[in-house]
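For clarity, chains are labelled A, B, C, D, E and F in written order, and residue numbers in each chain start from 1.
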C-alpha cells in the first residue's frame, strides 16, 4: 500500500493550467498532486553566440525553488550567490528534453527561455517542470504563428516526464516526497508522445537494481507518460 | 482620468489569501490588482549571532521576483550570482517594517524569516509584500500560540503599505505599473493600524515636490492603509 | 541636552573642501563634525547602454567606507566579494539625488561617476556624501565648460541633505553617531536649493512617529539644508 | 566501421595505474585510450555536519578538467569563479556511484574525498573517472586497514562505468570524442561487479531512441564493465 | 634629469602624519610626494585558526585604492566583487614585511589588522604603505602597553620600503608615476632599521638587468630607507 | 647536510618532457625532483583589448594546483569560487618572466596562454613552472613557424628560474619542501640564458638577510639556471 493510497501504476491528480502568467508569451502551472511548478516561456529575438548567423534557434531552461516551497525552508540561491549542483543538473535536463522535440532550424534565429519555478514541492518537481514547460513552449510558438512570425509550430512531438521507483522492492509510478525519500532506487523518464526515449536518469544509491526491475520502471513510465500527453493535449485545447 | 479608470483615491482590487502555501508556518498570497506576491513566514528556533542569549527574537525578510513576473523577462538573480541593489533595498524595508510592530522580547529567542516572491508584477510589489507579509507573520505567530510555544501573539499592531504618486501633477493612490513608470514623484508609505508612521520613502527623480503635495500623498496613504488593514483583519478571520 | 552640547536645531561644524583630490575632474572633502567623506567626480565620454544614441547623459554614484572609518573595524567589502545591502541603498540614493538637479539632456552623452568614500564615520555619512558630491559634480561640470565641451553648467539647482531624528521624544537636527544609535526614529531629507523635496527616507524601527512629529523633522531639515546650501556656495567661490 | 577501427563491442586500450600520486592515501591514473584522468582519494578524520555523531562515514567527489586537456582550450573554472553545470553534474554522479558500493557505517565517522582531474580528454572522462576512482578508493581503504584504523575494507563490490551510444544507428561501446560528438544518442552506465545497475544516464538530444536500442546499449555496457572490473582487480594486485 | 627635478638619489618630500584616524588604535597618513596612503592598525583580541592556543599573535594587512586615487578612474573592487591579483600581491607583501620585525610570541594571542588605503596615487603606493603602516603598528602596540595589556612594544626593529629603478639606464631612487611607467626595470626594497633585507621584488619586463645594476639599486635603497627610518622616528616622537 | 643528501649547490634531478599533452600547441612536463608541473601553451588568434590593432601579441599565464598535489589536500579553487592571493602572485610572475624574452611585435597580433598545473608538489612549483613553460612556449612558436604563420621563433633568449635559500645559515640551491618550510629566508630568481636578471623575489619572514648572503644566493642561482638552460636546450632538440 502506498502512503497516498494510490495504486502502484497510478499518477497523482495532474492539472496543467495554461496562461497562468499574464506577461509571458506562454505559461503553464503544472500540478502533480502537491507539487506545483510555474513554467513560463519567454521569446527573445536573439540567440547565444554559437548560433549567430546560422538561422537556427535555441531553447534553454532555468529552474528554481521558492525558499519555502519545501518542507523546511531552503536557502535562497540568489542570496547565497550561487545555484546548487542539483539546480544546474535539473535545468540542463529540462533544456535538453525540450530541444529533443523542437525543429531548431524551423523556429528561426530566436531563443525561447523557459523558467520553471517551484511554488510548492512534494517530489517530482523536475518531471512536473518538463511536462508543464512543453505546454508553455507550445503556447509561445502558437503566439509566434499568430503574429505571423512563424509559419507553423516547430514542434515535432510532445515530450513529458515522470519518475518511477522501487519502494520496498515494488515498482511504483510518480513518486511523491514520502516515497522519494525512502525509495531503494528511482529513475526519471522523459519520453516523447510517440514513446521514444529522450532521457533516462536512473539512480540506485541505496541498492543496485536489476535489469528486469529497470524494465518494470520503464513500462510504468510509458503508461504514465501516455496519460500525461493526453492531459497536455487537453490543456492546449482549452 | 487614471489609465485603469480608478478614482484618484481608489485602491486596486486587493485580496489577501491566507494559507496559500502548504508547508510554511504562515503564508499569504497578496494580490493588488495584477501584482501578485506570495509571502511565507518560516519559524526557526535560532537567532542571528548578535541576539544569542539575549532572550529576544528577530524577524527578517527576503524578496525576489520570478524572472517572468515582469513585462519583459528579468535575469534570474540566482543565475547572475548576486542580488541587485533594488532587491537589497526592498528586503531591508520589509524587515524593518514588520519588526516595528513585533515585541521582539515577547516572541522568544527564535527567528521568523519572511520570503516575498513576486509571481506577477504590475507596480507596487514592495507595498503588497509588506501588507501580505504581516498576515503571514500573524499566522505563524498564531501557530506558535496553538503549539503552546508562545502565550500570546507578540504583535503590537497591524502594519501595511501603499504607494502614492504625482501623476501629471495629481496625487493618486496605489500606483500601478503604467502610472509608476510615468509619475513625476512617488512615495511608499508604511503605517501601523493606529496610523503611526513606520517608513516613508519619497523619491522625486523627475521633479522635486512641495511640502503640500507631500502632505496630500500622506493623506491618501492614510486612507488607503486604513482599508488595507480592514482587509488584513478579514483575512485573519477566514 | 544633546551629547555634543549642540542646540536642537544646530548643525555640526561643516566644511566642504573643494579640490581635495589631485586627479579627479571635481572633488570635495565633506566634513560634518567627525564624519569625513571624500567625494570625487569622474567624467567619462560614454554612457550606459540604455542611453546610447539618445544624446542624454547620466550621473551615477558609488559609496564605500574605509574599514577603520568606523568605531570598530568593518570588514572590507572588496575582500568579502560583495557590497552590503546598506551600501547599495546609499549609493542609489546619492545617484538619484544628484540626478534630480541635473539637466541630463544638456550635459551631453557622457557620464559622471561620483565616488563617495568615508574616511571617518560619526553618523550621517550619506547626507554628508550627497552634500559634498554636489560640489564635486559642480566642479566637474565647470571644468567641462572651461574645456569648451559644455556651453553652461547643466545644474538646475543645489541639492543637499541632512538627517533629523527623535531623540527621547525631541526633534533634533543632524544626528551624530551617539544620537543616531539611540534615536526613536530618524529621517534623511534631501532638498533642493529652492526647498523642493527630492528624497525622504523616514524610518521608525523603535517607535512609529506621528504626522506632527514628522513635520517637525521636515522643518528642521529645511533650516539645516538652507545653511548647507550657503556653505556649498562659499565652497564654489573659493 | 568506427573511426578508431575498433569493433562495435570493443573498449579502447584501458590502463589503471595505481599509486600515481605520491601524497594521496590512494590514487590511480585511469587511461581509456587518449582520455587520461588522475583520481586521488584523500582521507579526512571528520564528516559533513549532517553525519556528525552518527558513526557513519561519507565519500564525496570533485571533478575538474585542466584548461588544455581539451582540443581547444577551455576556460579555467577557478579563474571564472564558478564551476559549470556539467562539472556539478559529473561530480555528483561520481560521488553517488562510489557510495553505492561503500558500507558507510563500516568505514567509521570519516570522509574520503575523491578528486578526478582530467589531464587529457578524448571522450568518456566521467566513466574513466568513476572506474579509476574506485581503485583510488580501494587503496585508501586498504591503507586505513594497514594502519589499524579499519578492521576490513568496507567495500561491498566493485563499481565501474562506460558510455555506449548509437552512431549512425549502430550501438557501440566506449565512445571516443569523434563518436561522442556525432552520436544520435548516448548513455553512461554505472554497474557493480555483480552486474547491478547503479546509475543510468541516457540522453537523446538528436533523436529519441527505442526501448530495444536502449537494451542493446545496456548489453554492451554489461560486457564492457565486466572487462573493466577485471582490469580493476589486476590493478589492485599490482 | 628626472621629470620632477630631483637628484638621482633623492626621495620625494615624505611626511608621516600619526593619528590621522580618530577611531583606529594606530594610524598614519603616509605622503611620498603626491602618493598619499592612509594606514590604520586595528587590534582584535582573537587570532586566525592556525594560531589558536599557541600564545602567539599575528599581523595581517589589506590594501585598496580609492577609485579616483588614480589618473583615470579605476573600477571599485567591492563593486566588481573581487580583488585584483595586484591587490593580493601587495597586501601579502605588506603583511610579511611587518611581521619580519614583530616578536609574535611577545605580542600575545591577538591580531593586528593593517588597512592601507590609497587616497591619491603617484607611484610607489606599496612602499609608502609599508613605511606608514610600521608607524600605525607601533602606535597600536604603544596603546596596548599604555593599557597594561603588553609589558613592552614587541617590535624588534623598524621596517621601511622604497622603490628604485633604471630610467633610461640610470639608477634612481623613489620612482614617481611618470618614472615608474617608463622605467626599464624596477625593484621594491623592504629593509629593516639595521639594514637587513626583508623583501626584494625586482622586475625587468622591458629589459633584463645586470648584477651590477641591481647592486646600484640596492645601494640607493639603503640610502633612502635610512632616511625613511629617521622620519619614522620623528613621527613617533610627535 | 641537506635532507635530500644533495650538495649545497646541487639541483634536484630535473627533466623537461616536451609534448606531454596531445592537444596543446606546445607542452612540457617539468619535473624538479618530486615537483611535477604540466605546462601547456595554447595559441589564440586574438589579443586582449588593450592590444587590438597594435600589431603586437601577448603572452599570459595561469597557474593551479591539483587539490591533492600537496601533502595534505588543498581546497579546489574552482569549488571555492576564487583563486588565492598566492595563485595570483605566481601566475603574474610566470607571465612577466616569459614576456621578458618574447619579441611581442614579432609574434604578431595573437595571444599565447600558458597553463601551469601542478600535478605533484614538493617545493619550487613556480620555478619549475617558469622553466617548463619556456619549453612549451618555444614549441608553440615553432609550430607557428612550421605552419607558415611566423617567419621565425620570436624568442630573444631562454628564461629559467630556481629558488635558493638560507637553511640554518647556509645558502643552498633549489629548495625542496622540507627545506622551503624551514628556511630562514629564500629567494626566487628568474634569469635569462645570457644571465640577465628578469625577476628577483626575496623574502625573509623569519630573519632579515645581509647583502652578502643575498649575493651568495644570486651566485647559486646563476649556476643552477645555467644548468637548467642546458636542459631546456636538450628538451627542444628531442
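Annotations
We take it that contacts are C-beta pairs under 8 Å (C-beta built on N, C-alpha and C of every residue); 3 or more make two chains touch, one makes a residue touch a chain.
Just so we're clear, the structure is a prediction, and the values are computed from it rather than from any experiment.
Shared contact partners of subunit E and subunit F, listed by label: none present. For the touching copies subunit D and subunit F, the fraction of interface residue numbers used by both exceeds half; the interface is of the same-residue type. The chain with its CA mean position farthest from that of subunit A is E.
Centre-to-centre, using mean CA coordinates, subunit D is 50 Å away from subunit E.
Per-chain Cα centroids separate subunit C from subunit E by 33 Å.
Averaging C-alpha coordinates per chain places the centre of subunit B 28 Å away from that of subunit C.
Residue positions 81-82 of subunit F each touch two or more of the other chains.
Ring order of the chains (start subunit E, then subunit F) is E, F, D, A, B, C. Residue ranges on subunit D touching subunit F, taken from their complex, read 21-24, 27, 34, 38, 40, 42, 44, 62, 64, 66-73, 76-79, 81-83, 87, 113, 115, 117, 119-122. In the complex of the two chains, the subunit C residues touching subunit B come out as 82, 84-86, 88-89, 91-92, 96, 99-100, 157, 187, 191-192, 194, 196-211, 214, 218.
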